[in-house]
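Have a look at the structure below, then the notes.
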Amino acid sequence: MLLSGGEKLERLRDGRRVYIGAEAIGDVTRHPAFRGGAETVAALYDFKAEPARRETLTFEEEGERYSLYWLRCRSRDDLARRMRALKAIAEFTYGMFGRSPDHVAGMVTGLAMNPSVLENLHPGFGDNLVHYYDYARRNDIYLCFATIPPTGLRSAELFPGQERDDPSLRVVDEDDSGVIISGMKMLATGAVYADEVWIGNLTPIDEKFKKESITCALPLNTAGMSLWSRQPYGQHARHEADYPLSYRFDESDSVLVCERVKVPWERVFLHNNGDMSRRIYIQTPANCYANHQSNVRFWTKMGLIVGLASRICQANGIDKIPAVRETLGRLAALEATIGGMINGQIESWEEWPAGYATPNRRFMYASLNWCQEHHTEIVDILRALLGGVPLQMPASVDVLSDADLRSRFERWWATPSMDALPRMKLYKLAWDLVGSEFAGRHMLYEKFYAGNSIVVRNQSDREAPWEQFHGTVDRLLENIAEPVFNSDKAQT
Amino acid sequence: MLLSGGEKLERLRDGRRVYIGAEAIGDVTRHPAFRGGAETVAALYDFKAEPARRETLTFEEEGERYSLYWLRCRSRDDLARRMRALKAIAEFTYGMFGRSPDHVAGMVTGLAMNPSVLENLHPGFGDNLVHYYDYARRNDIYLCFATIPPTGLRSAELFPGQERDDPSLRVVDEDDSGVIISGMKMLATGAVYADEVWIGNLTPIDEKFKKESITCALPLNTAGMSLWSRQPYGQHARHEADYPLSYRFDESDSVLVCERVKVPWERVFLHNNGDMSRRIYIQTPANCYANHQSNVRFWTKMGLIVGLASRICQANGIDKIPAVRETLGRLAALEATIGGMINGQIESWEEWPAGYATPNRRFMYASLNWCQEHHTEIVDILRALLGGVPLQMPASVDVLSDADLRSRFERWWATPSMDALPRMKLYKLAWDLVGSEFAGRHMLYEKFYAGNSIVVRNQSDREAPWEQFHGTVDRLLENIAEPVFNSDKAQT
Amino acid sequence: MLLSGGEKLERLRDGRRVYIGAEAIGDVTRHPAFRGGAETVAALYDFKAEPARRETLTFEEEGERYSLYWLRCRSRDDLARRMRALKAIAEFTYGMFGRSPDHVAGMVTGLAMNPSVLENLHPGFGDNLVHYYDYARRNDIYLCFATIPPTGLRSAELFPGQERDDPSLRVVDEDDSGVIISGMKMLATGAVYADEVWIGNLTPIDEKFKKESITCALPLNTAGMSLWSRQPYGQHARHEADYPLSYRFDESDSVLVCERVKVPWERVFLHNNGDMSRRIYIQTPANCYANHQSNVRFWTKMGLIVGLASRICQANGIDKIPAVRETLGRLAALEATIGGMINGQIESWEEWPAGYATPNRRFMYASLNWCQEHHTEIVDILRALLGGVPLQMPASVDVLSDADLRSRFERWWATPSMDALPRMKLYKLAWDLVGSEFAGRHMLYEKFYAGNSIVVRNQSDREAPWEQFHGTVDRLLENIAEPVFNSDKAQT
Amino acid sequence: MLLSGGEKLERLRDGRRVYIGAEAIGDVTRHPAFRGGAETVAALYDFKAEPARRETLTFEEEGERYSLYWLRCRSRDDLARRMRALKAIAEFTYGMFGRSPDHVAGMVTGLAMNPSVLENLHPGFGDNLVHYYDYARRNDIYLCFATIPPTGLRSAELFPGQERDDPSLRVVDEDDSGVIISGMKMLATGAVYADEVWIGNLTPIDEKFKKESITCALPLNTAGMSLWSRQPYGQHARHEADYPLSYRFDESDSVLVCERVKVPWERVFLHNNGDMSRRIYIQTPANCYANHQSNVRFWTKMGLIVGLASRICQANGIDKIPAVRETLGRLAALEATIGGMINGQIESWEEWPAGYATPNRRFMYASLNWCQEHHTEIVDILRALLGGVPLQMPASVDVLSDADLRSRFERWWATPSMDALPRMKLYKLAWDLVGSEFAGRHMLYEKFYAGNSIVVRNQSDREAPWEQFHGTVDRLLENIAEPVFNSDKAQT
């Protein structure tokens, strides 16, 4: 089933509890803080459902049509097809939505390619997963996740034996019908616009905290659940043109707060297993499918950045300077770098698990590392090309609303090659990529969406073929001729 | 004369025209967009006027007491004293105000150390400068400047002979009483809070546009003058604790717009000389004095960043990890790097011009280059230490206003070592340095306040002792023994 | 035909003139400066000819068997097969031979995929190329090239009209049988071990110097030709173990000097066309095929570096430290980065020219850029992991030749986990990658083998789909809602 | 007493045992591997003794004249004077000798400014130090040091209770006349040319290995002592012009090997104190004085690099290109950066210990960090400016010895602005800074001479005024206004 945008908006009016500071938001689709994002998500559903994009964005299985990101690939062609769908979705938000519906869907799809990993831990849980996978794709669910414990030390560790409140989400009770969970989980990006939330763990859980290992999925209006949002960035924008990205592409980040929330057993996928709660994503294609989407999304963002850099250089009248052309050529090379690495994941795909196809994991983790290493520098290059011009623009496009100011603005802010208004829109857009709070959040997001650099690089360490690398060195060393000394020579 | 903060605020209610987009601001001291900054400036005046800081922040000349930044140094001790005053002022805003009152004052003081440069260009203009210097320090004037033409090509160049509107500020008329100027000038940082604006040129002016070379100073409420502000960053902050820096330390940036503004001759310092309009700052200590203040201000900001990095690592519970300690040690080394370079400017001071003392120019330009090269990386290090925690904080401290939310917040956002509110304040502060729009503007500011990297490095190129450097190479090459060949040897 | 190593060595005894400074080398296969390299080349020929590697390293066409690098690919599978062959050859020298026989062969093969580019410039020249391609592969020719003019200004430009000696290689005479060339050409890497040299131009030639555009191929013993070698790096190594890479993998670099060298017409491929002399490589797959080999070769070298970094960390006893593991993980990610990009070139192959297959050019140029940008840093990481240990090793493994020294060496230079000799060999190998003159030449080579950064990035600029990038920006800007002001609203 | 160069050479013929691999060197002043370095050291002694440099390079105390680097400074002026002397000595070797006679002398001088640190550990040892300080300066001793244990795990730790050979130098016996030491110590730079060696520890020693803490000084010809040199880099240079730096400025590195070497008590300064064996350098100005010399030496090297970069750009004909000028300006700024930091150490000198003057320690450690962080990049910039030209030069200047080759060389290797021979010398010099083995060793040396980055940055961590940094943050946080909520407002 493919939902329309209107249906998607309707779904969001489900009684969920969202707070901006102390303010409780009644209807996220109409509140100025979230309206723009909600419209973008709705438009994406319409985009996806359009018959003309049927082949690109959906697939059929047993007579039913699903969004393509639920496809369990069986071949290189499947992987290529899936990647093109992810690219089209990413382009819809210019790479600004990190957790668009295809991200967590990829993770669940990866689990569904090898449910025995869950089933072996606890009979029935693998089936739960498969049923949930089927439910989610059948209902065109937008799924987000919350998979990190709150930062800071645990009180349970520091005050042993005491009855204390511990903010880490965990199971506090269970009975025949399910488990009860309480606590916080970080950081549910996109939750304001999603339908359901996947609760789980991407960081290791010590066995003594195994109650935190609970892995489940719930609708976002479940009783006892609330979302504590960080400041939404489009909230105070007077006009879309003032902050074009903040206005429409702020995907939202929220802390998930649960107070005695009931999870029925059929929505539980793992329980009481600290060690495996993180490893299920690595022992199945889950982690790879989800992060492959991140790679593709970053690639798409690079396309916007490179294009913007070029347009800015034209607007600043510096695009013919050799040193600037070298910089633009370099940016184009960087765009092709991530593009090449993504295509390489497909060329070197792995048949894993048996019968299924997964993008090359080492190349995927290398791409993650590349994105993390380069984003700050890439934005800094754009900043350097931009110069101080964004600060020279009026505070708002509303200068046009005053005849007198408008007249001066149109005369003096124009350049021979560009009228004042399009010029202002261009710089406002650039500012929203390098300087606004939306931009500031992206700087943090790109550095941490897959964990910090230790996490990201350790994944490359874990997957590296060290024996092969060592073998190369050892072969070279072994082939070195034994030294022959004159005295030895004399003997022969 | 030393003004009190209250007197300073009163002065700002002078009828100046300031626009935020289409909104005309009546009283900058009371409008939510500027109130916080105005209070900071007023508090700085009180700080400066306090008798206990008499020795540190003021000096006496001919029976009158002035702010120390007007001191024309005559010795190393004077330079050291002046530097300490700049440091105290920078610390008052934690290095967040780039164009605090001591910046442009330093430039004017530098000109006043060699007014003959102006006098030689046009009899009387040197005297005008000396009188203005005296007027400004006597009245404790906060002076800002606007010294860059609007970005983009000039219409005058593209449409020769046509009567067109050209936005570059220039003289459009003159008579016995003075000149009339029209056009825009970029980017009057601090103008909203300053008393007067220095109009001049820090970029080269072609001789055919010599009417743009006009160098003068005017009160900010002069008829025909208006300030077009960029978006003020504290405007929408609900509470100071939500955006502690934006709220209080947004120094403002405005485009200066002049429409047939009259400048009396006594306020004109240079006229009709494109070449010299920029070089007067290099041929006097003006550029060095002004940028020395920038160095000191950046040093101060580094102190905040290093302290914050350490506090954040403590709050994140990572401050004992060896790799983190290495990073903190590196940040401390970077703070000492800029500190060392500033002290080196004093140790290697130059007697220039005759009878006066100027910080070592090469070391000052090297410091400028260092700041420009390193700011992005320094903030990125802080960002990496910070992690995603800022996004995990509630949108506003106003969660405390709701008893129910407050209770959950205080229980769950606390860590064993830190209560919830101080923890939130710490991360909000950090966010205001790395992620908010205020932070985004600082990223741009630190990259461009002294011009782009070509400008900054060319100053180091210009001042470099190339003959000495070449001499070293040539001496080495000359000392290489002539090759002696066997045949030669045979002959001897 | 596939040559044996012995036959290859025999071929090198062809009377070629090679100078090391003033010393004329009689037989490059036996002189200590070149012997090690010659043996490596011979061993590579044996490796290639071995029946077991028939499928990997050769292909059949019209009943004849050729080295695989002469394959004109017609499909993705061909490209993948070709890449595997290049990888195997690169692994034979651990990525140390930049201009192994597959490099220039790739370039010629690229030209042979579209000889009409040459034929259209001059009837017959395209045929010459096809014949030469056939001759070269049929005779298992090791081809090097010399394609850069001598650095420095041209005397012809500075002394117009004068009869002066100009060192740039050019045609000085021609008749029915061919042309006569004189002058120098830079920098014939591998020439000491190659059979023939391709003379051409990879930098633009001004039309007024069109006589320099001559593009041809000649045996290296042609009368009038000589090679002026830079210092060979294995020349003074007492034992292979002292400098394991210098000893065996110094591929040689020489200036090609021609004095009235005769080129028969059938060996001429382009003449008197400055503009096209460089563009023939871009208008055919020549440039892409040749540089694709460079990518693969660099990837192979990365494998050695990563393995060596790991072995060094083990030897230094630091491989368990978390910060070191992060570094090793990062190195593994970098190895996968270039690997991913190369595979991406195949996944996104282009059918170009019609009927043939070429690796994706943008991804190939992006790979070139990546290698150029990262090599210094990669070696620096290895250097940092290595520490000062290489300098703590005895100067030569010949310490073993003295019983007394040997005894102390074996007791004291051993560590609990490693005997003294293998430990010394490991560090000597590492030193040959980061510190020896061989290493120093590699630092320069990796920075410049495809031209400087301007050249490399401009290729990415040239190939970039700017319209597509601009289209993205323009679409975003066009979709921004027109601002609606209150007064407007009032009207509706 | 100031020694002449001839006397210094005579002293080196003292029967010391130096090995290059298995070769025992009889007279280091005449062997091709060391002759060039020995001449440089001798010339430095003559330079220092010249009457015209009396004021710059020597000082008088109680009627005796000493080399200035033995000066215990008592004022800023003393520090400035001392720095000028270090600069003059560094310039004599163009910054190529890291451990010139002023380095370890500075360390001993620092200890002699507070001998109570040693005396308090063991009565008499402080006096020993003062006597040794006096002996060394009185005899114009060139002192080197060996202060690092051999890399790799200790056998004593792994095979407890077993009688095994442990290579770490330690006391193996002691009696009334002194102690007996055996084992190896890394890495005695300059030892081949020095008179005596200081044995001690710059890394921490665990208390259970306290016998390794021995700190003493001995002549290099002491019985039982030998130097195991790494490969000397000038050994195979045919002519000085081929490797101008290797030939004359290879300061040598050797492992110090001691086999039951006797140390009389008067030469013992610390014994059986693992903890303090390293801290004596930090609790006195020893570490600061020694590393201040390193800073000055690096600054001097920067002068050569900047000059060479400029000369190379001129020779390559690119010195007028704007992007190249920006690079040269940047290099000049970097030279001024380290210069500024050194001068800042003097401006902010510390009176420590009482009555004495020490360069500012934080600025000194920041300078160390700066040098370590930037050297690779600086050399890489030079490499990028250089291009492939060094490899285009003939292998040796001996091409001039053959009339025929010479004629071609002089005609074709010249450029209009430069004759062939000076051009070759310039590029050979540049190669010796970026590509030769001598250059490779410098790359390692600059990265490690003060320890790895953890060591260097931890020194900055240790000396950082964390309370002051934290105070800044805390003050800012405390000044944030308490949030006032509407309900609160209502109450008031």
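The letters A, B, C and D name the chains in turn, as written, and every chain counts its residues from 1.
Keep in mind that, in the parts below, a contact is a pair of C-beta atoms (placed from the backbone, for glycine too) under 8 Å apart; a residue touches a chain by one contact, two chains touch by 3 or more.
Being a predicted model, the structure only gives us computed values, none of them experimental.
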{"item": "Joint neighbours of chain C and chain B, given as chain labels", "value": "A, D"}
{"item": "Chain whose mean Cα position lies farthest from chain A", "value": "D"}
{"item": "Duplicate of the A-B contact set - from B-C, A-D or C-D, the pair where over half of the pairs recur", "value": "C-D"}
{"item": "Chain centre separation (chain A, chain D; CA means) in Å", "value": "50"}
{"item": "Intercentroid distance (Cα basis), chain C paired with chain A, Å", "value": "39"}
{"item": "Touching two or more other chains - residue numbers and ranges from chain B", "value": "322, 326, 397-398, 400-401, 453"}
{"item": "Residues of chain B that touch chain D when the two form their complex", "value": "80, 91, 94, 239-241, 244, 303-304, 306-308, 310-311, 322, 325-330, 332-337, 339-348, 360, 362-363, 365-367, 369-370, 397-398, 400-401, 422, 425-426, 429, 453-454, 456-464, 466, 468-474, 476-477, 480-481, 483-488"}
{"item": "Residue ranges of chain D touching chain C (in the complex, touch as defined)", "value": "19-23, 148, 150-155, 158-159, 165, 167, 183-184, 186-187, 228-232, 235-236, 238, 242, 253, 255, 257, 259, 315-317, 376, 380, 383-384, 386-402, 405, 408, 411-413, 415-418, 423, 431, 434-437, 439-441, 443-444, 447-448, 452-453"}
{"item": "Residue ranges of chain A in contact with chain D within the complex", "value": "322-323, 326"}
